[in-house]
Amino acid sequence: MTGKVKIATIGGGSSYTPELMEGFIKRYAELPIGEIWLVDVKAGAEKQAIVGQMAQRMWDATPYDVQIHTTLNREEALKDADFVTTQFRVGQLDARVKDERIPFSYGLLGQETNGAGGMFKAFRTIPVILEIVEDMKRLCPDAWLINFTNPSGMVTEAVLRYGQWEKVIGLCNVPVVAKMGEAETLGVPQADLIYKFAGVNHFHWHQVADKKGRDLTPQLIDKLYEESSGLPKNIFDVPFYKEQLQQMNMIPCGYHRYYYRFEEMLNHGLKEYATVGTRAQQVKAIEHELFELYKDPHLDYKPKQLEQRGGAYYSDAACETIASIYANKNTEIVVSTRNNGAVLDLPADCAVEVTAYVGGAGARNVAFGPLPTAERGWLQMMKSMELLTIEAAITGDYGTALQAFISNPLVPSGETATRVMHELLIAHKAYLPQFANTITRLEKEGITVKDEIVRKM
Amino acid sequence: MTGKVKIATIGGGSSYTPELMEGFIKRYAELPIGEIWLVDVKAGAEKQAIVGQMAQRMWDATPYDVQIHTTLNREEALKDADFVTTQFRVGQLDARVKDERIPFSYGLLGQETNGAGGMFKAFRTIPVILEIVEDMKRLCPDAWLINFTNPSGMVTEAVLRYGQWEKVIGLCNVPVVAKMGEAETLGVPQADLIYKFAGVNHFHWHQVADKKGRDLTPQLIDKLYEESSGLPKNIFDVPFYKEQLQQMNMIPCGYHRYYYRFEEMLNHGLKEYATVGTRAQQVKAIEHELFELYKDPHLDYKPKQLEQRGGAYYSDAACETIASIYANKNTEIVVSTRNNGAVLDLPADCAVEVTAYVGGAGARNVAFGPLPTAERGWLQMMKSMELLTIEAAITGDYGTALQAFISNPLVPSGETATRVMHELLIAHKAYLPQFANTITRLEKEGITVKDEIVRKM
Amino acid sequence: MTGKVKIATIGGGSSYTPELMEGFIKRYAELPIGEIWLVDVKAGAEKQAIVGQMAQRMWDATPYDVQIHTTLNREEALKDADFVTTQFRVGQLDARVKDERIPFSYGLLGQETNGAGGMFKAFRTIPVILEIVEDMKRLCPDAWLINFTNPSGMVTEAVLRYGQWEKVIGLCNVPVVAKMGEAETLGVPQADLIYKFAGVNHFHWHQVADKKGRDLTPQLIDKLYEESSGLPKNIFDVPFYKEQLQQMNMIPCGYHRYYYRFEEMLNHGLKEYATVGTRAQQVKAIEHELFELYKDPHLDYKPKQLEQRGGAYYSDAACETIASIYANKNTEIVVSTRNNGAVLDLPADCAVEVTAYVGGAGARNVAFGPLPTAERGWLQMMKSMELLTIEAAITGDYGTALQAFISNPLVPSGETATRVMHELLIAHKAYLPQFANTITRLEKEGITVKDEIVRKM
Amino acid sequence: MTGKVKIATIGGGSSYTPELMEGFIKRYAELPIGEIWLVDVKAGAEKQAIVGQMAQRMWDATPYDVQIHTTLNREEALKDADFVTTQFRVGQLDARVKDERIPFSYGLLGQETNGAGGMFKAFRTIPVILEIVEDMKRLCPDAWLINFTNPSGMVTEAVLRYGQWEKVIGLCNVPVVAKMGEAETLGVPQADLIYKFAGVNHFHWHQVADKKGRDLTPQLIDKLYEESSGLPKNIFDVPFYKEQLQQMNMIPCGYHRYYYRFEEMLNHGLKEYATVGTRAQQVKAIEHELFELYKDPHLDYKPKQLEQRGGAYYSDAACETIASIYANKNTEIVVSTRNNGAVLDLPADCAVEVTAYVGGAGARNVAFGPLPTAERGWLQMMKSMELLTIEAAITGDYGTALQAFISNPLVPSGETATRVMHELLIAHKAYLPQFANTITRLEKEGITVKDEIVRKM
């Protein structure tokens, strides 16, 4: 880590890369980058070329001399890297379309990180991240792995537990966005609020206090309901039950809607499925548009349209984390990291998402103390599901996959769910070598995918 | 506890009482009973009279001089009792009909101890059991409370946690029946099998070994699937996924079907609801028939028909427990009791259902050790739900009830579930004084019960 | 907490008060104090008057308008205070002389915070701190209690556990001094080192890393032994066994010498006892000299001689903590606070001393993770001893006091230890009303204090 | 395990062997033994021959056809064994003499299983037991290892943790003797008492209740002090402090005297050392006498004199355990076994000594629940010390040995203790190959053994 910093970005062809560049540019003074290597797979090569040139233009518009390299050779990129960021998507957006449409075609929830679909994202991603870790052990053993590939918490857990790699931090934009929004809701500068988060990725809660330590959570709950006093803008923003929030005296994350308002979230998804297409299909369109923009040889800054993509501030959180580690800044960030007791109700060695002070030694988790009864049970169930999913992703064991599926609170167990699991296995065959035997068996049994659109992919 | 033993049975008018008598008669040599007091509420007085006379006839047909007393005065019965058994049902079978029909009327699972209905049984029962405990503190402070009122695990938990009463054991026939059936399936005398159970009431798993300690669980799993090789006798016996059982290498209890085959169990229930009526309605018919039999002044033994009632061996388990405590027998029984570390994955102070050696000091739990990942998560979730349900039962807090409801894996959260909760609150108004404020509010909002049959009750 | 800050300092007549003033003066910009109330008991009134005037002179020499009040009326001082600091010594230095000399007179270790003597300091102090907490509940319910009365960890534990007061932070100069010294030893600015502490007050370990997160502990251990390569300056600085430090890969605190080099520490103490007098006797002389200095009406700054007193940076740590809370600074400080999982190997609800980020909501503990085997056992033993000592301090139960004594690793159990305990009870009679019955019994048995000097006090 | 049972006894030349035979003979009906293989090392060959013939005579005097084999070839004995019992002593009694005399020669406690000496017994024994386990994996993978070689708890822990062998039970006569004596003290048949033990070997406590579950512990404590109302028979029987026992409301084991009355136990040992010789020296004389008796070709029963040897009922406990496993008897026995939560305050995976029901699947531990504060701390400290001792025994790491030594509550840390450790290393050189490097270094430094008697051995 002497001289200029080398960054390797796996999944470099992502439409998010300009946000990442913007984040790095903003922090150049404390994070003096020399070179950035964008790595992608062959299927992403075209996008990677576009975004790579765009990224170079962004740097060229600054006073800093930073070189962007694009490559399909991961080893070349990892060699002596100081930080490795991961934002890849195994199977690209088409895989996400399958994760969403196959469950919906049977009336089950199809969602990228939750429900049946989210588990398959883990099945595809975890073997790849573990390969990357093995490469890092050889090529850049002192580097930090900053992950923002979803499911970010499970990826972090897999890296810690099976990769035996400690220098990893998982990131998510959900806490960033929550903090910003709530400061606005409360009418208090964010710097004057004290936040405390605990849970796992996409399944955490938080409390907020003022700068004198006085709990503002009850007041925030009240304000949240004043705001949405009228009809909700759209059904997707279905409100939590106020009495539930008051009972826990915590603010859930947005993804909790799937668990606390399952019926409405499912119906909303089914409606989209039947009409405008699932989120992945919508995102494909947005992505297309973005890459059209990126092609513009005069564009040398992050275009506003990227914000519609979702995931805003994701890359920014990553850049802040990297700068905090590099410059030993002890910045307060919500990260996925080894628990170590910060969340009492989960095993000390598992990954959690908590408030931490991030510096040269990585994340120093703030001990949250015990969760209330309801949240404790939910979190323990979710962690079990995560551990089973990861184990199934590695072993390809059918029984373990089934246990993971049945443990998922968003998947009502029974024949329909099992059918959906089978179709997903078949649909993702190319990316699930660990499940080859099972897939062969299912194919022999004549299982085929029902959804027409997926069928044609 | 000198001289002859005094038994007080709360809910004495139950149709199970003859089984209880049979169990006591069989064990008279080691449990020399002097008097049995059957207590019931006014609504059960008629049944109690019938069954009380029947019980006296049963004893009169033996060489033992045992006096049956029937009373509506609980204090009189509890005074100086050695053992208090509880088999009461707050609101009688009609309440169960409501617990079942209201959820089904909205497509949700209605079941006596699981799902939306089961939680209301807890709401009605727990305040009453805590009153009984307070009476016991005054009237029979050395007595043991042997509970088989459902939800048996939550009742035990409430007695330990809120009643601060240590001398309590909760019982259930599920483990008894499982052991008997499996010995038959394996073709091995039950005495030559070594069982180990862990979990909570109606949500436990077990392993079985031969007398040399060799694990027979895999073999038992295989045999279970050979047996049901043909079509299942009825859909209710929907089999577990074999690969799931193999993955956990444990045998779930029957009630796990609701969690592991949710779809099929729900559909079966909905079908019954739409056709022959829910289980409670069927049981009402059986009960009527039983009481007609009991009226026969010549009947002085437990009639065979009682077995159809369900719950066979329930009372027998209770009698064996009482005899084991009285005679310090150290019998191996599966009981609900304070955990104390036997189930590592739950708090040490909560109630669990485990294999125990029962003697003069009560249950000595066999330490089970850690559960596998999937089962750990499920169990932790279920215990959370139990704790919330009990808390709501005591406080009548709406937010807590909502949290309990949403935490229940058999209740898909959202407006329908909330509506069902509201209708159940209204339907059980007479037995839910702790929720009076909420019920008044709901009534003002015009909430009424949709199900026609319940409406007319 | 609007307007100017009000500080109440219990034990205001302490010789440390000028250091406290210096700390506040240094931080006035971020901690705008309006008034400081020094409270003491009658026995300390004279010293309090001297130090109060001295304190006022110190402020008068600054541009800040701060009023020093001295009072014997604690209620007056606490009323509407923002911060309450505690630095009192029940029984003044004479009590410490007894704590030291009585054990030494029997060949046992006499020490202020460890061994037999330290436990009696707790017996005297804890009832008083709990009275203060009760006063605070009435008079300044929003104030923070910043304790640096020893035994600081046990005082914090008592306040949390029995006082049910959450807004408490215990402080100690040991970590401050260690960090400063080690930065020098390593030749690295302290800001470029990353420290992680875990344990309880006067019994903690730490690790240190460079700003890239690389563990410097092994290197620091090496350097520590290079330094003391010659003969140790004095036997008191008896070195730890290097191989022991290497095995744990942590740096113990100075007080660990009593546990890891018991023989040498005991012998050193016995030698002082037999010659120059115990530490308390030495400190009395230093204190006398200090107060002579303080009387000088021209002295308006902290005199250099205070540093000899021991406890340097103690008050500074307190001032920094207060400023961090007041200005929500999130400063990294090692504090005594509720564990909450930061030290996995101790109960979550007990007090620990750990690295924390201190801000408006108090201490946010950094989760340390599991301790190595040896340290885990020691720490668990010490926490047990602390809990027993506190319980005995509150109940005055003889058996509990005996258990605490026997649990203390520095007290070899048996008749001599018991005799020492009895003499200490008698010697401290005036400050141990909770043990009145036991003391009466011992006096009847004719137990008297052997040490001549104590006898004459 | 069909046909006749084969027993292999490692350390078969022990003077205890006749007691073992007596125990087997008594239980032949339920434990049909075919052959018993006594294994010993060359140094024990003569004794083994004597005791082997004696054992055969004992069986020949019964109607049972059991063949005694004596061999120096462990493999031959282990081949297809059903039960392996271990009662060997690495280095014979001379090693014990060294364990005792070397510490005493410096004024430290020398004792076989506690203090400095006990740790060296572990250092010598653990590598051997792990070799035996490796042999068992090859030669009798279905056998049970029933250990009564001391330190029995650490041996069990090592077998579980490092041997990865689950079928092990450690035994000790201390609980057996305590139960018998207390039944007499209380004047109640043992069968009518309910005992509950928890702790680790030679460091456990228990409670006793009557057959109605009423706690008799307070009454037993009272009676224990009535009994020893006169002067104690000998100083060795130094009583515990009554108030300490009342505070914990448990009965400690005899070895707790070393911890609770350290001063008196040390002084007693030092006096023996200076006069009649240490216990090992006394035992050598008794052993000599015993083997003279065993030579008598007419002796075919266990001679009364064996009881003086100490350790009475040790072998009997082992025979009862073996019979209980073989016949799946579910006998209640206090054993060393994997914790699994039975002792909440220790890790679930470590070895503990608890009340268990022993049957075909081994020990089913009774969950004890939480220990009181003082006992929790002591036990956690002792388990840490055990784990460190075992680790040092395996790795031969000097720093770990030092940590173990310093963690031992009976060893006051410092130069004297370190010197004693060094002398013990040198004295036991022949049996400590794992410490070869350290021993070489110490020899080069000129460390020699001070004690004259040890020097000449």
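Order of writing sets the labels: A, B, C and D. Residues in every chain begin at 1.
The rule is simple: a residue touches a chain if its C-beta (ideal position, glycine included) is under 8 Å from a C-beta of that chain, and two chains touch if they have at least 3 such contacts.
Quantities reported herein were computed from a predicted structural model and do not represent experimental measurements.
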Let me spell it out: compute each chain's centre from its C-alpha atoms, then which one is farthest from chain A's centre?
D
Distance from chain C to chain A - Cα centre to Cα centre, in angstrom:
46
Using CA atom averages as chain centres, what separation in Å is found between chain B and chain C?
55
So which stretches of chain B touch two or more other chains?
none
If each chain is a node and each touching pair an edge, is that a line, ring, star, complete or other?
ring
Sort out for me which residues of chain D touch chain B in the complex.
1, 167, 192, 194, 196, 209-213, 325, 328, 330, 332, 338-344, 348, 355, 357, 359-362, 364-370
Within the complex, chain D is touched by chain C residues 241, 243-244, 246-248, 259-264, 266, 373-374, 376-378, 380-385, 387-388, 391, 397-400, 402-404, 406-407, 409, 412-418
